[in-house]
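Some structures to go through are shown next.
Both complexes below contain chain A, partnered by chain B and then by chain C.
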Partner chain A sequence: MNFNNYVFAAPYFGWLLRGAANTVMISAMTATLALLVGIPVGILRQMAPAFVRVVLAGFITLFRNMPLVPFLLFSVFVAPDFFLQCTGKAIPIGFEYWLFIVCVALNASGYIADIVRSGLRSIPEGQVQAGRVLGLSPRQVIFRILVPQAVRISTPALGTRLIHTMKNTSVAMVLPIVVDSLDVAGQGARIAGECFAWAEPLVFAAGTYLVFSLMLEALLWYICRNPLLTGREYDAA
Partner chain B sequence: MTPPEILRTLVFGFPVIKECLDTAWPIFIQSLGGLMLSFFITIGSLIGGAILGMILALMRFTPVEEQAKRFRFRPVVLIGSSVEWFIRGLPIMIIVLLFNYLPFALFKLRVPGAILAVGAFSLYGGAYFSGVFLGGLRCVSSDLRNASRVLGLSSLQTLIHIRIPIAVRTMLPALLGITVTLFKDSSVLVVVAVPELMYTARQMAFSSPSDYAPVLGTTLLLYWIIATMISGLARLLEQHWDGAVSR
Partner chain C sequence: MDSQTSIIETTHTPEPAGSALLPILSLENIQKSFGQRHLLSDASFSLEKGRTLALCGASGCGKTTLVKIISGLMSFDGGSFCISGTRVVSGEPYPKSLFGTIGVVFQEHNLFPHLSAHENVALALKCVRKIPAKAANDRALHELSRVGLADCASRHPRALSGGERQRVAIARALALDPILLLLDEPTASLDAKRIDELRAILRLLKDSDVAMMLVTHNIPFACDMADRFCLLENGHITSGDSPTMFDTLRQQVWE
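For the complex of A and B:
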């Protein structure tokens, strides 16, 4: 183990730092996209008309049971052919990066949809009926009764899933992504490709992930003890 | 390649070269390939993860009667929790890579990749198992135990007829969920050249570029079908036992 030569040396440390910054960026984009897709899917899966619910159930099953690595390899290596046949043009360079973000986000959105849905399902039917009897409109029932409680119930699980998504971005290394936009694990593999030293950059990358997940866990803990979110559900925790 | 050939190679892997096997380690594991190796790694890491998870859960377990008391410093609980936190904080990709490269970097030890993979996934599964086992240990309330003792069951009978059935019913769907995760995540072994399903598929696709779509598509379908079958089984069990747990 020689950290001075392979981690804290001239080009390598810069690569790793840039990789860490890229991990933050990729995770932020993936999380945003996953929430944007997952939350509406989860809500509609619970409340939309029957045929929409069947389609969305298919969507959730499809992406929840899809392993990430085969999904990424399939889309990255089959997409160029498909694109060529559809549009007659070659796919632009650097598409793998965006395809990677979309695939990881879709994978996470299946889980997020299920979390949102279980948050909605956990509210007893009686509360909706009681709200209607008391004279609230359906819209008011949704925004005054269902949504506040569902948000409260599903926030911890959503946060855990987003931390998991952050860790999942480390599979970028299996794809032919431009080296400058690789994440920290990918930069570790790049150093290993240059000088056959796997262990040292990997230990650095592992430390980075531990620090990131510790920070996100602290943030989640802080969010969950916000007075707006602490209902009786969290008194025990 | 014809479709039957593609499927056969994906399921059983490439033929093994006898000279490449390391005779110091079991030959059986090294001669597996393709989907069969994925299954072997999943099952091996289920067993290893269950053992590790039980140890971690027992370290972290504090009986319900003691939870009401004021906070006491318990080093064993602290060690168990931090080991679990440490493993959960790392992506499986990093765990797999560390398991593959650290033994040689630290101890100059050469171990076949498949065995290291089972070790890495046992560690990963163990962290998730420990949470499930902890839930299983806690879910039988002391009232229920006391009631069964009052009704005249011995403590062994209480264990067999009351505690284990309830714990199993609580834990089994979650355990199947972890099994699905382990099976799906075994595809990251593609980066360390363990010849499981994804690695076999990638080598096949890259050696004949005209087969990209059929080979990678079949692989994706195989993973998806098996994962869906296991999670469907978990859902069936959950529905079958719905409501029977808390009574």
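For the complex of A and C:
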């Protein structure tokens, strides 16, 4: 196989670098939104009154079980069309980018909610009882006793889910996103379309995801080394 | 068993003069069922300030259930009870004002593993009593010193022995100045030396007029500490103040 050097020259290499930067930005926004939605949903799914729990169980089931690509295609192609028919207004250009971020975040939040819930469920009931007899309010029991322990228990699984979410952002390449906003896989496909050379840009994209995944894994390892998360401090004599 | 009997005869505390005092805790016909199983049918007794009551009975007879009912952790099906003038009736919500006024030392201790011994004791002082951090920390240290654990204040529960954990649990309960202290199986998993230490701590509490209810299988310990003995059997409570109650307890629980 011949190596196409020009893929790594101007302007294409700049596209790849911009794609890598976009991957970081999209991943950061998606992960933040997923955590902001998933953590409260997980807590409320465990603690809220029965009606709210049923609604949130439906939320988790919907977003956890829906395949990501059909969900994205529906959100970016079908939903805007439906919106146009109902309101007579088209969604603004570039809005697909934000729809994409919201969809990937919602998909991840379903998993994150259940990871948080499993962390909460792993804490013995006796802890809640001890908090109640001490006079702590339900909110204090949740935030002073349960959540700190659940965070410690859930951190490795949450980190794994966020690495997965970062890699999921590569499906942006199937959507009609403004070229400047494309992630590294999308930029790779764009270069391949222009140069008829698939191997080099996609290997670069795969390498980029690998490097980012390893960096996130290192970050996760560093965070999990914190004695408060490992529980080592608990064991220290 | 002879040695157990001699413990009772030599250490039983005579009735205090203030037996006409209003009871801190008074149970009237408490009933509790789990499905078809009637665990508590007619549980009644009373406990006055500064007195210690020992509740004994076979495993699964409902002792811990009764502790949970009194401390508001479990609803009950019938009857009522009164804690320091506040009446709790079946079918009605447990008064919020009682949370934090009853100290409970659980069998499993239920310390918060992410907090140090000192933080375990100070948590409710800061969050419930709204005491400023410095004063709460000083009080927590004082309570830990009271149970002989000032040196272990910064250690987390997993780094403490079973006996030390239990003493932290006692310090945590005492920090809120409870009007009533419930101890569920306080001698479970403690060796003889630790039981002696616990006995010394409880005697100090008794001297400071704390009403205590001991739920225990350890009949010599119960008879050593208590002024009143209750036997829970088939949902009913038989109570007595005299050391001869020990013989009944021994026959029904141990033999």
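Quick notes on this one:
We adopt the following convention: the second predicted complex is superposed on the first by the 222 of 237 C-alpha atoms of A that agree within 3 Å, B and C clash if a C-alpha of one lies under 4 Å from a C-alpha of the other, contacts with A are read in each partner's own complex, and residues count from 1 in each chain.
Note that in this section a residue touches a chain if its C-beta (ideal position, glycine included) is under 8 Å from a C-beta of that chain, and two chains touch if they have at least 3 such contacts.
Please read all numbers here as calculations on a predicted model, not as lab measurements.
Look at A:A113: by the touch rule set out above, it reaches neither chain B nor chain C. If you count the residues of chain A touched by chain B and by chain C, you find the higher number for B. Within the superposed three-chain model, A:A206 lies in touch with chain B and out of touch with chain C [touch as defined at top]. Legend: residue contacts after superposition of the two complexes on their common chain; A:L136 is shown touching chain C, with no touch to chain B. In the superposition on chain A, A:I101 makes contact with neither chain B nor chain C.
In the overlay built on the shared chain, the residue A:R144 is in contact with chain C alone; chain B does not reach it. Of the two partner chains placed by the overlay, neither chain B nor chain C lies in contact with A:V41. Overlap of the chain B and chain C interfaces on chain A: none, as no residue is touched by both. Of all residues in chain A, only 124, 126-127, 129-136, 140, 144-145, 148-149, 152, 228, 231, 233-237 touch chain C in the complex they form.
Interface residues of chain B, counted against chain A in their complex, comprise 86, 88-94, 97-98, 100-102, 105-106, 180, 183-185, 187-188, 190-191, 198, 201-202, 205, 212-213, 216-217, 219-220, 223-224, 227-228, 231. Contact residues of chain C toward chain A in the complex are 68, 71-73, 99-104, 106, 108, 110-114, 123-124, 127-128, 155-159, 172, 176.
Residues 1, 61-62, 64-71, 73-74, 77-78, 81, 167-168, 170-171, 173-174, 185, 188-189, 198-200, 202-203, 205-206, 209-210, 213-214 of chain A touch chain B in their complex.
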